[in-house]
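So, here's a batch of structures to check.
What follows is chain A paired twice: with chain B in the first complex and chain C in the second.
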Partner chain A sequence: MPRSVWKGPFVDGFMLKKAEKTRASGRINEVIKIWSRRSTVLPQFVGLTFGVYNGKKHVPVSITEDMIGHKFGEFAPTRSFSSHGGDKKAVKAKG
Partner chain B sequence: MARIAGVNIPTQKRVNIALQYIHGIGEKFAQEICTKVNIPAERRVSQLTDAEVLQIREAIDRDYTVEGDLRRETAMNIKRLMDLGCYRGLRHRRKLPVRGQRTRTNARTRKGKAVAIAGKKKVTK
Partner chain C sequence: MASVLRTIMILLGRIVGAHGIKGEVLIHSFADEPGNIGSYGALSDKSGTRTFKLRVLRMTPKGAIVARITGIADRNAAEALKGVELYVARDKLPEPDEDEFYYADLVGLAAVAPDGAHIGEIIAVQNYGAGDLIEIRITGRKETELVPFADRFVPQVDLKSRKVVVVMPVSAADDKEQSDR
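Coming up: the complex of A and B.
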């Protein structure tokens, strides 16, 4: 079930501060390290780059307009995918 | 013969059933269309007049996304997720279940038919 509209999007408060600070400092290309995977991507984050923690390291994610409304955690997978070896051709075809 | 919304040619059946042969129209929308154009659902398609068929066609064109348009819309939605690089997109790319189902067993609809050991080269003598 989706979240109630009257509550507004969920964002950890410090995210806003961090974003504002980077914008004010003028170093927009800097990666902002965050651990808050649960926060929603807001319109004011567009254009910034966030380092979203995946439990091991910060995955750089540059925010685009399409990402608004998704959660930060969606862009930094926490599990590394590995498949069994075998015929190399078959593995390549799978992508 | 009645051609509604492109390629669909359902005849001999009741109107509300026949309309469901169109991709994007199910029980509910079929019933809705019948009431909108004032045709009793019990009528057979073959007993419709040309004017009535035209009315149905117009109603569908106006209010519903069906067939090619609908397929394109869903495909675009999935493509958006895949290009975004979000978790749901990754699952689509890998052809695995998207909504958190288990994959240790089952998940055969997404994964396709079971393969003994995937990617293993067949022994040829």
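Coming up: the complex of A and C.
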């Protein structure tokens, strides 16, 4: 069995506390600012919005089921790259 | 709405060089699917004076498009086009589905609060893999704010009056706790 499997996913302890606190408050437009890019996205984070620090600002990341198992840092790149929009479409997320 | 959008030109690609000796060109495509650059009919340059009818041949391993342009038959003519930007009129793009918006339609819209107060202007749309984010330049401030493009943060998009209603995200109260870094 690989080491990463028996150890389980890594997540900084305070993340769970913050998520629990925000969920209990019921404030849906609240962004939980975090610096822990190394933490793994857990199922209990689904539906919350985290502001993941990219070294300059907090990038809002709304957690969906597809992101479970990935690290928060994957969704907030530290190097900026902008391209022309072309015919790209933005899809408005529900909820 | 079509008449409002008719004059908007969208940059779809740039000719970056010639390919081969038969007049083929290399194009850096900004289209969502790079090969779709030729599917919107004839493209034009920035001024709109020259039009280019493309036929996409293939894609290179580095992602550039190899295409043939009607009327360009040799390498010299192809090289002369290097640097030309290819635009398409907004009204030539198909209408997006409900809750879908072209980046080009969103950029430039005014962001207003639910009470009507002016917040700023949308300057870009980003996607880092966790859904679309609108980047708003707050009036009177240099830095920008990213807001998730979701119903709870952007409840209304009104392209006719060129504004979006934005509920700015608020930070959790305990964010400044240094112990959590």
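Here is the rule we use: the second predicted complex is superposed on the first by the 78 of 95 C-alpha atoms of A that agree within 3 Å, B and C clash if a C-alpha of one lies under 4 Å from a C-alpha of the other, contacts with A are read in each partner's own complex, and residues count from 1 in each chain.
In this section, a contact is a pair of C-beta atoms (placed from the backbone, for glycine too) under 8 Å apart; a residue touches a chain by one contact, two chains touch by 3 or more.
Remember, it's a predicted structure, so these values are computed and weren't measured experimentally.
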| item | value |
| --- | --- |
| First (chain B), second (chain C), both or neither touched by A:75 | both |
| First (chain B), second (chain C), both or neither touched by A:33 | second |
| Chain B versus chain C as contact partner of A:67, first or second or both or neither | both |
| Chain C versus chain B, contacts on chain A by residue | C |
| Which of chain B and chain C A:83 touches, first, second, both or neither | both |
| Which superposed partner A:49 touches (first chain B, second chain C, both, neither) | second |
| Interface residues of chain A shared between complexes with chain B and chain C | 61, 64, 67, 74-75, 77, 83-87, 90-91, 94-95 |
| Residues of chain C defined as touching chain A within the complex | 10-13, 29-32, 36, 40, 88, 93, 96, 99-104, 106-107, 124-134, 143, 146-154, 157, 167, 169-172, 174-175, 177, 179-181 |
| List of chain B residues in touch with chain A within their complex | 80, 83-88, 90, 93-94, 117-121 |
| For the chain A and chain C complex, residues of the former touching the latter | 12, 14-15, 18, 21-22, 27-36, 49, 51, 57, 59-64, 67, 74-77, 82-95 |
| Chain B-touching residues of chain A, taken from the complex the two chains share | 61, 64, 66-67, 70, 73-75, 77, 81, 83-87, 90-91, 94-95 |
